[in-house]
Amino acid sequence: MDYFAQQLINGLTLGSIYGLIAIGYTMVYGIVGMINFAHGEVFMIGAFIALIAVLSLFALGVTAVPLALLLALVIAMALTGLWGWAIERLAYRPLRNSFRLAPLITAIGMSIALQTFVALTQGARSKPLPPVIRGGFTLSEGNGFAVSLSYMQILIIVTTVVVMAAFSYLINSTSLGRAQRACEQDRKMAALCGVNVDRTISLTFVIGAALAAVAGLMFLAYYGVIDFFVGFVAGIKAFTAAVLGGIGSLPGAMLGGLLIGLIEVFWAGYFTAQYKDVAAFSILAIVLIFMPSGLLGRPEVEKV
Amino acid sequence: MADGVSDATRDDLLRVENLTMRFGGLVAVDKLSFTARRGDITAIIGPNGAGKTTFFNCITGFYKPTEGRIALAHGSEAAFEALPAATFRGKQWTKANGACAVFLLERMPGFEIARLARVARTFQNIRLFAGMTLLENLLVAQHTVLNAASGYTIGGLLGLASFKRAEAAAIDKAAYWLREIGLVDRADDPAGDLPYGAQRRLEIARAMCTDPVLLCLDEPAAGLNPRESHELNALLLKIREEHALSILLIEHDMGVVMQISDRIAVLDYGKKIAEGTPDEIRADPRVIAAYLGVPDDEVEDVGAEVGL
Amino acid sequence: MTDTLQPETSPVTRTLPRGHITADVLKDAGITFVIALLLFGSIVGLRTDTVNGVLVLIPQFGKALALATAVAVGRLLLDVFIWRRMTDGRTFASLIPSALPVLKVAGAVGVTFGLALYSIPGFRASLVAGAGSGHPALGAITDLITFACESTFLVIAAMSIVRAARLVIGQTPDEAVGQGILRRFTADFGREFPIALLLIALALPMLTAGPSQRYAIDTATQILIYVMLGWGLNIVVGLAGLLDLGYVAFYAVGAYTYALISTQFGWSFWVCLPLAGFFAALWGITLGFPVLRLRGDYLAIVTMAFGEIIRIVLLNWQSLTGGPNGINRIPKLTFFGLPFERTGDGTFASVFGLKFDPLHRMVFLYYVILALALLTNFITLRLRRLPIGRAWEALREDEIACRSVGINTVTTKLTAFAIGAMFGGFAGSFFAARQGFISPESFTFMESALVLAIVVLGGLGSQLGVVIAAVILIGSAERFRDLEDFRMLIFGLSMVLVMIWRPRGLMSGRTPSAFLNARKNISGSFVKEGRG
């Protein structure tokens, strides 16, 4: 039971990170109907910017860890958002309303280019960051096994909840969110009704990238090490999460993220760590075969 | 064109019994029973949302009906005698005496309905293979025959003479239908390049290339101008005469419906509210009420108003 | 669609005559500079590095500044010289005619230069070495340019030979019948391209000499593997319209089939090849069956997941696959039983009375993959004209209409999966036989993405497009090998640029599988891309 509780905590932490990345995938898919394969790389860039920001802040004498983290978060969100904007502007906007596979290929090209770019400019070796937050609670002890909940994990879960709440407010209650939902339904009609479609889509990429930056900072702080390749694996997992939850559905992305995190951690904890990815992918395949539009996605009605 | 109405020799081709199709809480087709006779042009009319296309989708296997039976007889209506046994044994289709066979369409997957039961259809919003030429569209429609002739690809890969003959025959047949619909000059153009009316005709030709016994047309005259509608009427009548075919037709254009139908069934809210010859339907107050959207208890008044 | 409804969002109003640097152009460049500075400043400006076990920041703001300046100047130049000319609905392509004389002269100079490069031994090598001694990047660029000139010369020469041969046997293009010899020679010249390409491929080992020969044959073999993979995937994605992101799984199945059977049972390559194809096809059906109901991006993600699952299993099933260490000492390909060995009796060299040369094996490998690729192409072209091929294309165009004409969409999809997978399996077993060593590292998702990129860049469904895209992508990636670091960056960026330039690929449009009066090519804008 204790072991179970520990795995649950670890799974929720990992799942929060996946969920935040997955939202970027699902939002973009919802609004432009394309898989933004480069989103994993955006997450990686977010993590790097966060790393550079944290190190700079420490060097500048901001030694209070909470303040440094908060500032780094803001900086990373802003700059990664700009990266998201730039990627959309360069690689996707020229291909909007074009052949469906074209933006998929530019996304793959962007992904390769960004990975190499970061490897070139930041070096290919992994970047270890000493733990910035130490300590935690011990929830229960006994049977020779202690269930611990680190401050880091609390911070990650709380941040996720706060960011998600703010994000839900943005989507459900602001004019930007309304414009986004309108574009998702029918871009042409939204444009006729005076919605600035280009701006809305750009902002979607910016928001997705900013959320990925949050995930990037949390990933960095939790695991303490990043390299230029983290985006690929995390990206695939998060995309899997988005599809599992039902692509296009925002709560679905979060749910899918949590589920993928839990599946991975539990599989590694109870069976073998080597096959944890196989477990995640297999469950995705099984869910899709029986529920072709994911857990919370709208079923696609075949109109004859 | 009511010439076939008195023809008592025409037997039943399609018997639909108690057909119900529900989507969640919505009952699109409600305990519908319906018969179409061999050689007839039977029109199905009704207001928008009456369940006509759903009914078509059930017949052609795109939807699995919630309840009910759809039986189609090849040969003669004597085939229906085998129906109870086939139903009981859970068969999809069964041979009856002679060249007769009866098919339980609600049990068959869509492509088998087109392939075995030989029910062909067209679509309300045209579905052509837009990037393929007109000729290719008509060759794809002959897939069943050609694929068998190609020895399920193996023989075709080896270049067997029998396959070459079959292909030449298929091209001849396609050319025949292209001439019939007046598009032979455009045989090598992509179907997506055709104007709307021509696309509708090509879709009918494609359906005919599958050698159907029953042709289901979903609003074939939609979007056609009066001249094109008139040509469509002629085409349909000609097809029926020359190819021993029965036609089921959904149509809003009353000019088409009244001129070429032998019988008409009227659907409203998923129920059949009337059935009969064009003249009978024209005079039926319930039909007029359905089209005008009058509550049931005022049907009599409407009848009085329009002078029936 | 929305483009016509939206006002032009670029801050530049593109109505001014070209060549004028006005205030708004400068403002635009300025904004670009600021954005680029923020982007590059955040990643390039401070480099993280580990010094004595501690992560420190090394400032390199100069680099960031230089990059941002380059971007801003680049945009300024594009704006002034290209975008401003593209007013009033003129596209980039419409600018080409005005540049045509320049392009023609450049082409003629290039071809002549190529002739010189080709006929003077060592000329190219010394040019490249000379430029390379200045800066490695300069060397690579010289290499690429000289290579392009040389290949263009070869292609034009081969096309001329083909055309000359045609004229001799009396095949004159219809539109040039009865005209002067020059007109007859140049009319519809482009149509000789595929045959010229085939000629060059067949003669390649004879076309090169000296130290570059090995390199050329090796690169060509590498390219042909990808051509074959591209052709295999083209059946699934290009013809049947099923988006498969896990194609590399079948490549892996083929490679491991050959590696395992040959190392465990000692069976020869020619016995294993059909087996590898068979197992790959079987996997194609096994993986295809559960995902048939899925459409579009869902299909893409599940095929990708299957690809990853196979790779992870290969990585972890140590007892069978050797895990991350892979399989070593896979028997190399023999010349129908005669090994390519330096010593011993009954080797290829001794039987044919030749002096041993490792080149023999390379040339043989090259012809094997060329034959396999041509076989793939032949079968695919044949299948396209059979009912099954037409059914694949019809499936891509409209699945519902397919069902309405009696096509069993399940078996049609499965045959596409199976046959595509089979060719992937062939390519895989060749790969294993060539390398002599395989490990899961060769079968990553990136590999699937690369093959898909070849298919899409080439133009969905186009066999020739796959060849061109493979030559460009794999060939350029190989040539830039000296610039290991920049190679993939350029590779990724050029993928983006080419796609923006030609969203439907280099060879869009399709050739009909049958015709009544005349075969006309169909514009790509009518061809659908499938939703499956």
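Chains here go by letter, A, B and C, matching the order in which they are written, and residues are numbered from 1 within each.
By definition in this document, a residue touches a chain if its C-beta (ideal position, glycine included) is under 8 Å from a C-beta of that chain, and two chains touch if they have at least 3 such contacts.
On a predicted model such as this, the values are computed, not experimentally measured, just so you know.
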Result of counting contacting C-beta pairs for B-C and A-C, higher pair: A-C
Identifier of the chain whose CA centre is least distant from the whole-structure CA centre: C
Distance between the centres, which are taken as Cα means, of subunit B and subunit A, whole angstrom: 51
Between subunit C and subunit A, distance of the C-alpha-averaged centres to the nearest whole Å: 32
Interchain centroid distance [CA atoms averaged], subunit B/subunit C, Å: 47
Subunit A: positions in contact with at least two other chains: 302, 304
Junction residues of subunit B, two or more chains touched: 62, 123
Shared-contact residues (touching 2 or more other chains) in subunit C: 400
Contacting residues of subunit C [partner subunit A, same complex]: 1-3, 5-6, 9, 35, 38-39, 42-44, 46-50, 55-57, 63, 237, 243, 290-291, 293-298, 300-302, 304-306, 308-309, 312-313, 315-316, 400, 445-446, 449, 452-453, 456-457, 460, 485-486, 488-489, 491-496, 499-500, 503-504, 529
Subunit C-facing residues of subunit B, complex: 60-62, 110-112, 114-115, 120-121, 123, 127-133, 135-136, 139-141, 143-144, 146-147, 150, 153, 156-157, 167, 171, 174-175, 178, 184, 187-193, 206-207, 209-210
Touch list for subunit C against partner subunit B, complex: 379, 382-383, 386-388, 390-391, 393-394, 396-398, 400-409, 415, 510, 512-520, 522-523, 526-528
Interfacial residue positions of subunit A with respect to subunit C in the complex: 29, 35, 45, 48-49, 51-52, 55-56, 59, 79, 82-83, 86, 90-91, 94-106, 108-123, 125, 127-129, 187-188, 191-192, 196-199, 232, 236, 239-240, 243, 247, 274-275, 277-278, 281-282, 284-285, 288-289, 292-293, 300, 302, 304
